[in-house]
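Multiple structures are listed underneath, in structure tokens.
Consider the two complexes below, in which chain A is the common component and chain B and chain C are the respective partners.
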Partner chain A sequence: MMQIRRMRRLDPWLLLYVAVLVLPLLFGLGYSLAYSFGMIGLLSEGFSLGAWQRLFEGDAADAFLYTLALTFWSLVLALVFAYAASWAMLIRPGAGRLYPWLFVPLTLAPVVAAFAVFAWLNPAGLLSRLTFALGVHDGVQDFPRLVQDAGSIGILVVHTLLVGPVLAIVFRQQANAERMPALRKTARSLGASDAVVFFRVFVPAIWRRSGAFVLLYGVYLFGTYEVPLLLGRSQPRVLTVYITDQMTRFDLGNLPLAHAAASAYALAVMILLLRLLTRWNRRLLQP
Partner chain B sequence: MRVAIAFFLLMFFACGNPEAKPELSPDATWEDVLNAAEGQTATMMMWQGDPLINRYLQDYVRPTLQKRHGVALRIVDGQGSRIVQTLLAEAEAGVRRSELDLVWINGETFYQLRQIDALYGPFTERLPNAQYIDWESPFIGVDFQQPVEGYECPWGNVQMALIYDSVDLAGQALPQSLEDWAAWWAANPGRFSIGADFTGMTLLKAWLAELAGSRGALNGDFNEALYTRTSDSLWAFINAHKANFWNGGSSFPANVAQMHQLFANGELAFTMSNNDAEVDNKIRQGVFPETARAYVPDFGTIRNSHYLGIVKNGPSRAAALVAVNFLISPEAQWEKMNPAVWGDHTVLDRSLLPPEWQARFQQIPGRAYAPDRKAIGDRAILEPDPEYMIRLYADFRSKVIEQ
Partner chain C sequence: MQKQKKHAGLGWSLVGSLLVLPLLGLVYVSVVEQWRFPALFGDARFTLRHWQAFWNNGNGLRGGLGLSLLLSGSVALSAATAGFWMAGRVARHPQRRFLLGLAYFPYLVAPVILGVLWQHWWVRFGWSGTFGGVFLAQWLFVFPYAVLFFAGFWNDRFRKLLFQARSLGAYRRKLWLGVVLPMGLPWLAVGLFQCFLLSWFEYGMTQLIGVGKVPTLTIRTVLFVQEANPHGAAVAGLLMALPPLVLLGLNRSVFLRRVGGSGASAIPTDEPHAGPR
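Presenting the complex of A and B:
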């Protein structure tokens, strides 16, 4: 009887959300898993672990590690930018004018930002032409490679441009919510330097409130596709590019491998999210 | 709650799978096909990356088909893998009425679509204009060593060519053999690359044939021992020199569009195309400099045809048949062959055409920058068995890119 009452109290909109968004996603994951084990598919020859074995033998591991490293460094650079910008807006009276400009990158789609950076940084791009005109180098061959490069510089620039300002906006809001100007004033009056306030008060306080949000952006960067596709090298590739490549190969026998990689990616993200966010900030998962 | 239920009902009915229209009777005359096609819309999926090709389809083919036969042609963007993924997904979902009627394909996609039984056929014998097709040519009647058997209709015929800037390479001999290439790379580091796509693999097939001993060495069924022996030599050759490739050989252009861009920027000294006449198109479009030229090296390049396939579960079969018949008509092929329009070589045997059309074909303006078609004919290599392509794709990644 209790259960019936509880069911009656279920929000129909929540049911609709689960039915329209959650269930199709889970169905998609189940479909990919079944495909990866050879249980479905037009060319399926029955249950097989072959695709999963190939996943660990090929360059999928390289793709996973590269994606992880790229996500980590993108987040580090975005955090450095966001902390610096939000701190500057706190301590420098004129720096508040920066705030409206932080919204500009939000208007850019990732692919547009990638094209813009490519147009600037490729060896025949605007920066190269400008520096050539100034006599800094002798032509295309002399210009350092800043896109499709070993250091993934182009990708990191775009990720920092896209994510850094968003985090800076959030950090500024959180700083105000934490009454950071008053805290800083108090700390300063007790003899603390700005460096001490920044590292001992500002950074941990903002991180405590925004860490979960930053990690969610990490998940977003982990799954980014267009930016590494345009600005990345042939090898290593990010996971999403690797999966798409397997999915569209000439050899249709690669399809189970593509589904295995996609399933592994989805499961890894789900487990990571649940583990990290429940540990990090239980409040985020509570209504 | 009522809203939720209503939404579910809407979704349920929206996901319905209407039955395909009954097939045209095998005994239907061409007159019956024309009558059935009138008022139908044929959806064609094709690559739309070239403005000249798009203009040919949009400004010439579509209005002519509509005016003469009452057939509307709806063109949607997609090539190769997109076509295969669409039809594969439909087949796996049990969809009996495809969203496509007609697809523009090459041998690679034909092989995949035959694997999943997505093509209607044989149908070419039903087309009145198929009588003019040069079926005897091994570059037309056979696709990737597979007889087309009426499951696709030839539309155009091309041969791979390398494109260079005659001013940039003034005074330099163009590489004609693998030894020439090795010397050229050493003298011009960073100015050559191979696209990690169909076009790049097509060049590798020509090099593979060269290493196998002759232009016809790869003909016939896939030969594992031959492939292993020659591909080992090929990878060793490329890896020995790839430090002199673009970007130090640490990265390769993803596709031919990127190759063209790098060539136009001056980063690469060579780009390549599966269409020997593309250099004319690209100069006319202002993409390449007017000093760009194309050539076919002595070791030869792959010549192949591109085709039109009719989707097995396409809803407008009659319209698709009428559209294909028009596209292979002397009139449409003549229009397409004009370098100012597209420059795609015809698949028709001119000796079979009515005299007035033979005369018109002879008067097509010549190519301005592309190599003479007859002159490169003796350096044409047949597409080898599809397995060569499958293996080259996989091995180029694992044995060159990832090294």
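Presenting the complex of A and C:
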């Protein structure tokens, strides 16, 4: 038995597995960190904290806060959609018809969803033309700005469209796995109103089962790139767009800043993930 | 009563069909031309020109479609088979939780950031702007997902079954051909398609590592948008939606990620009132 165990610990294939997962990240992060501290690079003048200081002021900090806010509101909207849809499918007799439709947005790549929403919501887009034909407004200038707008409405719409249905599908499956129809019936016959069932039973029970999944989607949304690239403004930008902008500029002086921001992002996600993995250990790591 | 119920269902179908609007919008934009502002139906000019351009490869779209299919197909095939096999090794190891946890890291750091972190190395090794380079970069984050996905297949129950089969005398080949593959086949199919979609939907990393020389459909779509050609973008977008739509028709569980222990999912019980796992 001991023999077998020792052999398994030294399984060369698993060493390769760990190498494939860890080395690319380490090498990438190592290079970017070194670059950000001015130790390598074309214009390097030796160790400096300049890029990291610039990270905490001006544009970079704005991009970080904006991304955080965007992630938060996208997640809130997606959760509202998902809870509403899965609750409706639980209590309304015909609402099960909604279920197959929920899969349709999942066929859209983020790029495609972003462009489709752009085609609908831009000032000369389909919605504008439809409402114009109905006489609601008097032309392009009159139509509210819904994409590349100050409120990031377009981005929020796409995020809700992409994440909301996924969560709704999962929530419905979880509700069934929790035997929610029976639970609701019991709670109702004990005198609870539907509102009470929703807030005291439905919401917490679903969250207990899928909180980890939802938070992973939060991490995914934090790294969103294509959607704000197509539907966002040049100011404020999300972190990923900010970083790639700094990378591809002609001004090489911004490269350390880009590398600092990229490594800060990667480290932040890893720390957050570490926390998630220890907190939701049983859900995330049970094969 | 029955009639009323049917009616209610119809209403919900209508609400649900709102989710098809983005796709319908794309279809519409792909068949109009000279699309000045108020034109909608009566005064719009309908044409199949944009689709013909795709068919004749006038705008590089047909090439892009082939490239995307080749890239995503090969990434999915190799990552899913390797992931299936490796997940088995991981699941049988005493430190399986730690090993599995590692797979979350490359998978969850945004691919575009991975592209930024890796760009230098890819340039140094001469992989930047090549098909192989993009393939490798995508593989490095699709493979971890495959492992996480297939870990669900190699669960406690299945490992016990394997143990039983082994103690009944099944040797290695018999174990794989007689137990693992027959039971794992539906998982392999779903996992394969999910890996395909991960690669199929990817834009940021492909752009950074491929530096525009590996023009997949996502790259083409963004190019069309940037050069203000909505019709081309709509055709490209529809081409990208087509394979997922076919998959949806075949088996919708393909679209359920099984990461984050979402309990239900990939090989799902679609039937209502299914008990807990």
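Going forward, the second predicted complex is superposed on the first by the 262 of 287 C-alpha atoms of A that agree within 3 Å, B and C clash if a C-alpha of one lies under 4 Å from a C-alpha of the other, contacts with A are read in each partner's own complex, and residues count from 1 in each chain.
Note that contacts are C-beta pairs under 8 Å (C-beta built on N, C-alpha and C of every residue); 3 or more make two chains touch, one makes a residue touch a chain.
Because the structure is a prediction, the values reported are computed rather than measured.
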Under the stated touch criterion, which partner chain does A:213 make contact with: chain B (first), chain C (second), both, or neither?
second
Broader residue contact with chain A after superposition on the shared chain, chain B or chain C
C
With the two structures laid over each other on chain A, which partner does A:22 touch: chain B (first), chain C (second), both, or neither?
second
Output check: A:233 vs chain B and chain C. Expected answer is one of first, second, both, neither. What do you get?
first
Applying the touch criterion given at the start, work out whether A:247 contacts chain B, chain C, both or neither, answering first, second, both or neither.
both
Could you look at A:124 and tell me whether it touches chain B, chain C, both or neither (first, second, both, neither)?
both
Touching A:140, do we find chain B (first), chain C (second), both, or neither?
both
Quick check for you: in the superposed arrangement, does A:13 touch first (chain B), second (chain C), both or neither?
both
For A:94 in the superposed arrangement: first (chain B), second (chain C), both or neither?
second
Does chain B (first) or chain C (second) touch A:194, or do both, or does neither?
neither
Report, in rising order, the residues of chain A that make contact with chain B in one complex and with chain C in the other.
13, 20, 124, 139-140, 229, 247
Would you pull the chain C residues touching chain A in the complex into a rising list?
5-13, 15-17, 19-23, 25-26, 28-29, 37-40, 86-87, 89-94, 96-97, 99-106, 108-114, 116-121, 140, 143-144, 147, 151-152, 154-156, 200-201, 203-204, 208, 218, 221-222, 225, 230, 233-234, 237, 240-241, 244-245, 247-248, 252, 255-257, 259-265, 268-269, 272-277
In the complex formed with chain B, which residues of chain A make contact?
12-13, 15-16, 19-20, 40-43, 58-59, 62, 122-124, 139-141, 145, 148, 150, 229, 233-235, 247-252
Sites on chain A touched by chain C in the complex
5, 8-9, 11, 13-14, 17-18, 20-22, 24-25, 27-29, 31-32, 35, 88, 92-113, 115-120, 124, 126, 129-130, 132-133, 139-140, 161, 165-166, 169-170, 173-174, 176-179, 181, 209-210, 212-213, 215-216, 219-220, 222-226, 229-230, 240, 243-244, 247, 258-259, 262-263, 265-266, 269-270, 273, 277, 280-287
Give the list of chain B residues in touch with chain A in this complex.
1, 3-4, 7-8, 80-82, 84-85, 88, 91-92, 108, 112, 115-116, 190-191, 196, 247, 250-252, 254, 265-267, 386, 389-390, 393-394, 397-398, 401-402
